[in-house]
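As written, the chains take the letters A, B, C and D, and residue 1 is the first residue of each chain.
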C-alpha cells in the first residue's frame, strides 16, 4: 500500500502525532472505564454525575489536575523532580511507535521492533526511581528502590517470553511477526504447548512491568502511602497516572501483536481487530486488578527468579527445538 | 499451579458480584428510606390548643451531657388559657455540639422537645446549625415527620411495671 | 514529640531480666539498644506516622529499618487522648453512657453495656430478663458488625486501596450496613445509640423485628461464603501465614485478651467462663487456634462471626415478655446516686476484655474515678514484640490483624 | 409509614433475599410482644442442653477460687477481703510479693489492669485523713470459672512510689506508664517510666482532683 506522504520524516511525524492523540484520549477514557468497572465489581455505581453515566468524568479529572496547586517539596532535587513525570510518559508513549495498528499504518516500521519496544519499557523503571529519590521522602525512596528491584528482575522473563515468537517467525520486526501469524496461525496456538504458556507468562510479567496488582509493590498504597509518586501533586501526578495507563495499554497491544496475531482477523477490517484484542486484554488487566491481593516484595522476587525465569528459559529452548525439528 | 486455580476462582467471584445490581443509590436523586424511629433533628411542640408546651423548667439544659441547650424562662399569662405560667423566652439548641443522645427528650415533663426525622440541612455558616426558638417551633409546625419518641412514649416504653403478653 | 529523646532513654540496659529471658524462639527485646545492633548497618528511621493509610486511626510507630527489615519498633500512643476519664468524673451517672459509646466507635454497644453493668452492680439494680436477652442480642450483632469492619480493613491493608483488597472492603461494608440498619430500626441511630441505661434498655424491640433480623443474617451468611473465596488465595496465605506470631506465653504476659489470646491457643472467653447477661443459658463454643499468627487471628474472627450469627438467631427466636428496664424512666440528673463502693466488671467485647473499674464517692452525683480497661491498648503494647524481623509490608499486616481502635486505646 | 426500611435488602437480587416483607412496623412505638419467660427458658434449655450445667460448674469453680483466695489472703497477709470496696487494702511494701504469689501459686496469670486514684486530704469521722493515692490492681485466672483478684494499695501523696509489676507481667508496662502520666504515681523498677498519653513536656497530672478540668495548656489548647 503506497504511503500517502512520500517524505519518510513527515510520515513518521504524522503517524506519531496521530498515535499519541489517539493513545492519550484512549488513556483518559480508560480511567473512566476502570472506575465504572471497579464500581460494578464492588456493587457501587461509579461516576454518574458528570455527563451521561459519567462519560465526561475524564475531562473533569483533567481539568481538576490542571488547576490544582503544583507543590515541589523544599528538600527535593527540583531538576530531577520536574524531569521524572514527562520522562515516564515519554518512555511509555515511545514504545507505541512500533505497534502494527494496520498492515501499512506503523509509526516507524523498524526491523528490530521487538527489541526497541522491550528496551523502552525496560527503561521505565529508571524515571520512577528518579521520582522516588528526588522527592526527598523516605516512603518515596523505598518505593523507588522497590521499583528498580521489580523492574529489572521482571525484565528478564518478559524478554525471554517475547523471544518465543521471534524465534518461531525468525524476525524481530513486529510487522513481519504479524504477517507470519496472518499467513500461518496465531502464535498462541502454534508451538502447541509453548505458545500458550509464553503468552500467559508474557502477560503476567507485563502486569509486573506496569505496576499493576498483584505486583504493585512500588506504589503500595497501604504501606508506602503512594510510593514514588507521594510528593507529586496536580498535573505531575496526572502525568504519572496517564503514563501508567499508557504503559499497560501498550504492553497489552504488544502482547496481542506478538501472540494473538495483531491485525489478522477474518471479517472485520484489520485495525478493528487490533483494537478489539488490546481492549480484551486490558479488560483482563483491570479485572485482575480488582480481585487479587498484593504480593510482598521478597515473595515477588522469589516468584520471579525461582519460577518465571527458568520456565521462560525452557520456553525459548522449546521454541528453538521446535523450529529446528519442524522447520 | 495453585496460584492459577485460586486466581481464576477469585476472578469469577468478582465477576458474579459485578453482575448483581449495585447496592449504592445516587443520593441526591434517590433517597434511601430510613427507619421510622430515626432521630436526627429537634422540634418544639405546641399542645392541641396551640399553647406552647415548654414551661421553661430547664431540666433538659441540666441533663444535656454536652451542654448545648441554653434557655431563659419568663412567667407570663398564657395567651389562650389566661392563667400565668412559665414560658421559655429564649431557647437555643446548638447542633454543632449535640450528640443526639435523646436524654433531653426523655427528661422533658411536658413532651415539649421532640426529635424530628428530617436531617438538618447543612448550612454555610456556624449559625445555621444553632437552632433558635422560632426555628424549633417552625420545625414542629411544619410537621417534619416528627419522630416517634417524646417523653411519655419513651417513659411508657421503659415502664418497669409494664406487663404484656 | 521527642522521639529522639525516647531513643536515648530506651538505651538504658534492658532491665526486665526475669520474665523476658528468651527461652522461646526469638522474643525481640523492646528496649533494644540500637548501638548494640550491628554498628555497621546504617539504620533508616521511618515513622509509620500518625497520619498513614493503614494505622487504623492516629497511631505512630517509629521503625528502625535495616534495608527493608525492621530492627526495632517504638510505638507512640496518645494522639487521640481526649481525657474521657476526667470528663466522666464531671458527668452524672445517666450522662456517662452517651459519652462512653464514643470510645470504641466500632462496637459502641459493648462500651455502653460495660459502663452500665458496673453502675448496676454498685447500685444493686437487677436487670429484667427481657433486657438481658436484648443486651445479649445487641452484643452479638455488634460483634458481627465489628468483625466485618475488621475483615474489610484487613483485606485493604493486604490488597491495597486500589485493588482486590478494596473489593472485599466494599463487600464487608455492604454487609455491615445491614446490621447498622437493624440498630437504626431499634434505636433510631446508626452509630452512637445511647440505648442502654442503668437497669436495662431505653428502646424496646419494635414489632416485626425478628423477621428483619433473620433476613439480614441469612443475607450476611450467604454473601460471606461468596467472597471468602477471594481471600482463600495463596497470596493471602503467604502474606499472613507465619507473620507476627504470638506464642501463648508472650500473649499471657502482655495481657492480650479476646481473639488475639484465642488465636494463640489459650481457651479463654468471658462469655463462657464468666457468663453475664444471658450467656449462662447459651452454649457459646469458643473458637481456638494455636497458630498465633495473622492467619490464625483471621480464622478465629471469621468463625466468631459464624458463631455470633448462630447465637443471634437463637436469641431473636426466644424473646421473653416483660419490662425492658427495672428503673423508672430518667426524670433528671439526680435520679441515680452512688455514694460509696468500688467494683470492676468486665465483658467480652469484639476486641477482648473490656472492663470498667468504678470508684464511687464524694456527693454521689458523679463517679469519683472511672478507669476503663481497653483491650486495644494491650494489643498495641504487643507491637514492639511483634514487628522486629519482619518487613514493612508485614508490619502493616500485623497491625491490621491486631485490630486496634485508637479511640478506645487512647481514651 | 415508610415502606420496608432496609431497601438495599430488597433491591439486591441476592439469592437468599426473599421479597422484603411489607412494613411490619405498624407504629414505630409498637413493641414485639415475646412469649412468657418460662416458655422461653424451657425452649432455650432444650436448645442448649449443656449450657445450664456448664454455668453451674463455672459458678462453683469460681466460688472455690474465691475461697482459696480469701484463705490465702487471710493467712499470708492477715487481710480481710471486703468486696464492696473492690478488694482488700494491702500494705504497699507487700504489693509485689502478693502479685508474685498470685501469679505463681494461685494461677492468676492474666494481668488485667491497674487503677490509681487521688484522694486529697479530707476530714473524716475518725480524724484527719492525709492526702494519699490508692492503687487498685486486678489479675485474672484463665479458662473456665475465671476469677478476678483485685486488691488496693494506699501510698502517701508525698512519697507516691510503689514497686512496679513489669518484671512479672510485661503487659503492666503501658498501664503503669499511663497511671504515672495521668496521676503522677511513680513505679519503682519500671524499665521506662515516661508519659504515655500526653506529650513529654506537659506539666501536671490531669486526673488529680486539684487539676481543674478546663486548665488551659498552652500551646495545646
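Quick note on the criterion: contacts are C-beta pairs under 8 Å (C-beta built on N, C-alpha and C of every residue); 3 or more make two chains touch, one makes a residue touch a chain.
No experiment lies behind these values; they were computed from the predicted model shown.
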Quiz prompt | Innermost chain, where centres are averages of C-alpha coordinates | solution = C
Quiz item: When all chain pairs are ranked by how many C-beta pairs they have in contact, which pair ranks first?
Solution: C-D
Exercise. Tell me which chain's centre, taken as the mean of its C-alpha atoms, is farthest from chain D.
Key: A
Quiz item: Taking each chain's centre as the mean position of its Cα atoms, how many Å separate chain B from chain D?
Solution: 34
Practice problem: Could you give the separation in Å between the centres of chain A and chain C, each centre being the mean of its C-alpha atoms? | Solution: 44
Self-check item: Centre-to-centre distance between chain B and chain A (centres being mean Cα positions), rounded to whole Å
Solution: 54
Quiz item: So, what's the distance in Å between the C-alpha centres of chain D and chain C?
Solution: 15
Quiz item: What residues in chain D touch two or more of the other chains?
Solution: 5, 8, 12, 14, 25, 28, 31, 33, 36
Exercise. Give the residues of chain C that touch two or more other chains, as numbers and ranges in rising order.
Key: 164, 167, 171, 174, 177, 181, 184-185, 204, 206, 230, 233, 235, 321-322
Quiz item: Touching two or more other chains, which residues of chain B qualify?
Solution: 7, 10, 13-14, 17, 20-21, 23, 25, 34-37, 147, 149, 157, 164-165
Quiz prompt | Of chain C, residues touching chain D in the complex | solution = 1-2, 5-6, 9-10, 12, 14-20, 31, 77-78, 81, 83, 85-87, 89-90, 129-130, 133, 174, 177-178, 181-182, 184-185, 204-212, 215-216, 218-219, 221-223, 250, 252-257, 266-268, 270, 272-275, 280-283, 314, 318-322, 340-344, 346, 353, 355, 357, 359, 368-369, 371, 373, 377-378, 380-381, 385, 410-411
Quiz prompt | Complex interface listing, chain B residues touching chain A | solution = 7, 10-11, 13-15, 17-18, 20-26
Quiz item: Along chain C, where are the residues that touch chain B in the complex?
Solution: 91-92, 94-95, 97-99, 102, 128, 164, 167, 171, 174, 177, 181, 184-189, 192, 194, 197, 199-204, 206, 226-227, 229-230, 232-235, 321-333
Exercise. Spell out the part of chain A that touches chain B in their complex, as residue ranges.
Key: 37, 39-45, 48-49, 287-288, 290-292
Self-check item: Complex contact set, residues of chain C against chain A
Solution: 44, 46, 52-54, 68, 155-167, 170-171, 174, 230-231, 233, 235-236, 238-239, 391-394, 396
